[in-house]
Amino acid sequence: MSDRIEPARQLRTGRVLRVLAPLAVGAVLLAAWEAIVWAKQIPSYLLAPPSLIAKTLLAEWSTLGAAWAVTLQTMLVALAAAVVIGVTMAAVFASSRALETMLFPYAVMLQVTPLVAVAPFIVLWFNDRVWLAQVLCAWIVAFFPILSNTSIGLRSADRGQRDLFDLYGATRWQKLRMLLAPSALPYFLAGLKISANLALVGAIVGEFVIGPAAEHPGLATTILASQLRQDTPMMFAALAVVSLTGVAVFFLVHLVSWFLLRRWHESAVD
Amino acid sequence: MRNAELQIVLLNAAALLAIGLSNVHIAAAADKVVLATNWLAQPELGGFYQALADGTYAKHGLDVTIKPGGPMVNNRPLLAFGRVDFLVGTNLLQAFDAVKQRIPTKVVAAFFQKDPQCILAHADGPLRTWDDLKRAPLIMGNSGRQTFFLWMNAAQGFPKSNLRPYNHSLAPFLNDKNAAIQGFATAEPKRVAEAIGTEPRVFLLADHGWDSYSTVLETRTELIERRPELVQRFVDASIFGWRNYLAGGDGAAAANALIRKENRSMTDGLIDYSRTKMRELELLGAGELAEMPIGVMDVQRVRDFYEQMVQAGMYDAGDVEPEAAVTVEFVTPAADGQ
Amino acid sequence: MSNPPRRIESPLVEINDVGKSYPSGVVALEGFSMRLRDGEFVSLLGPSGCGKSTVLRMIAGLAKPTSGGVRTTAGVGSLGCVFQEPTLLPWATVWKNVFLPLRLRGVSGGEAKTQVDGVLELVGLGEFAGAYPRELSGGMKMRASVARALVTQPRLLLLDEPFAALDEITRNRTNDDLRRLWRQRRWAGLFITHSVLESVYLSTRVLVMSPRPGRIVEEIAIDLPETRSAETRTSSQYVELCRRVSQALEAAESAYV
């Protein structure tokens, strides 16, 4: 029967659309952007057309690429720390309501502290280890969604499933590993999706407010320098690198999430 | 009054950009003029505040608004975008960059003949000479790193690895006897002295070969071509402003009151110090104030400075026609000068 | 302690004068006593809210009585439990779900293979070992849950209204299967339900409970033939037993209104 075949085809069409649709939107927007710049003869120092940005991106890749590598490294280290510390803290909170009540307000405080205000002090506390201070900034903004989501996730295990584990005399560790952790996984992954891009933003903002590492400036410095030197195409090229990185990171986490949940979680099942 | 405004709004992947091109005014009454500066209200911009406060701009048929800069404020794009009519630039590098990027702006007057940019070291610390500084942790912000430090690095041998972040706070410097920090020779020594009791050692970049003009006045080429008389009036009034501001006595009271109102962290002590230092260091020129050719520029000096920057690796030889960055038509040169 | 004579089997579960009240003031059970022997299939029948699930949770060790004693000679190892919901782990295959009780005891997958495969065949899910719970129908999920309870070869199987959510056709079929499994393995069963028909069809004995605070008000022996089928459901003996159980239930309820 046709409606037995249709869903499979729709599925495939759906997947193709999910990739093609944003690309098409992007292409239309870029084309419109390019056309307006040409039609109105807007000088490139006011608004660089996409073609010039792309050209700059390629021509200046030695500078941009090096800065990108620095920012990416800051982001990845901060994100890794956010995952390790966020998940560990969530596990501790899940094991003790008292500890959670005691410590959670401080996690919130850390989250709402304006980075701009504390950044100069962070770098002093770190005794001029600029890069570490940047990592700390990125970590501060990235870790909370992971902590918060994983905490909820660890508490979200089904009541009946908890009974089941108790019935069979499961140890705390068995419960954490075989019940709580898998229950928390979709929540953790949702937090990771937010945190990954926050870590990128944090790495850039951190460099803005703390200042660049002396010999290894990142993308924030490229942006500041190109502003200062009035090099608009370069600034847009740097922003393009940031945007593309953000999109790539998002899809990567999305892919990992889909892979881990595809067989059992409604969010990932087609 | 005609006001044509073109707005283009574009969505890009990263941000929504709103850019407007607005035009200046053709009017019979006082011309509305906006001056954007490179920092918060301070005595180092005192001439402009003087001309505004004592009515010199008004007398020249100008209705002037001053838009201050500051940390995290970048007024420069506003000039190219037509949002402001004049801009105070810190040194000549950005004027060269404008030429390089084909941004139609020009320097029309240079108020500081000598850049007050300096490096400070502790009076009781181990850094005694310019060469000592090359071995010290150097606290410097981004704009310094992207401009004069490139010269310090390439031409003077200051290593990049010594750079430490600068966040507009003297604390990291006050904490460390071995550290050096960027500053304005007319202001930071006083701030350091107020904090720890002793004035620091001051090393002026200008004394070691950094030959840029500073506190330069820039405007759009289009305005120069369309309304040269307006540019002339603004330059003339600003020169009067500077002359009156540095003349001493009570003449500057109104300007200083305005500065203090705009910038709460300014004190009378800091203002007095700055005004004294500006004279002492002969920032606006040497000799009697009354005869001093304030704002004057020498095209050959601009060329030489550009050559210096080429040698420091900041530009390729053919990048920029340095004389295109400036025009000397608005300031009468000194009798003996060019 | 002296061993009781072999002739009278030591009860597998012995509940004496148990009371259970909650901090909210609700008294769930009061003066509740019952016995369960090896090889019996006993249904605990009562109106909803009468505390029958509490009895099951106490036997399973998931709840403690406020007063009185609950004794069971079936330790953790020889207890199986089927909850109202299938409570399958959604991230694990049917096979791994059924393997879970053994895994929690430290049995390796290799060692458990025969047992898990066997019990899946028994409930008719052999072909679905690799499926995930979300791919199963409600009845199949429940059968997986039964398989999981049976995989440890328990002496005592506790079932807490396991088929309440199933449609009647599926429910009847599942009851047939359950009856067959009981006859094959002869575990003692305690079946919590509020369905008269179901309790009579499955059990050797039906215990009727009063509304809250719950206690046993009537015990009815079900002397239907060993082999039961669709025909049993239409036999006059079955209908008569159902009528008696219903009356007992109604009497218990009306006494409290």
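So that you can tell them apart, the chains are marked A, B and C in the order they are listed, and the count of residues begins at 1 in each.
Operating definition for what follows: a contact is a pair of C-beta atoms (placed from the backbone, for glycine too) under 8 Å apart; a residue touches a chain by one contact, two chains touch by 3 or more.
Quantities reported herein were computed from a predicted structural model and do not represent experimental measurements.
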| item | value |
| --- | --- |
| Most remote chain, CA-based centroid, reference being chain B | C |
| Leader among chain pairs (count of C-beta contacts) | A-B |
| Closest chain to global C-alpha mean, per-chain Cα centroids | A |
| Length of the line joining the C-alpha centres of chain A and chain B, rounded to whole Å | 40 |
| Chain B and chain C, separation of their C-alpha mean positions in angstrom | 87 |
| Inter-chain centre distance, chain A versus chain C - centres from mean C-alpha coordinates, in Å | 49 |
| Residues of chain B defined as touching chain A within the complex | 6, 8, 10-15, 17, 19, 21, 74, 76-77, 80-81, 94, 97-98, 101-103, 137, 141-143, 145-147, 160-167, 169, 171-172, 175 |
| Partner chain B, residues of chain A touching it in the complex | 26, 29, 32-33, 36, 40, 42-47, 119-120, 123-124, 128, 130, 209-212, 214-215, 221, 224-225, 227-232, 236, 239-240, 242-244, 247 |
| Parts of chain A lying in touch with chain C, wherever the complex brings them together | 158, 160-161, 163-170, 174, 178-179, 182, 185, 263-266, 269 |
| Chain C - residues contacting chain A, complex | 57, 60-62, 76, 79, 81, 83-85, 87, 89-92, 100-101, 103-105, 132-134 |
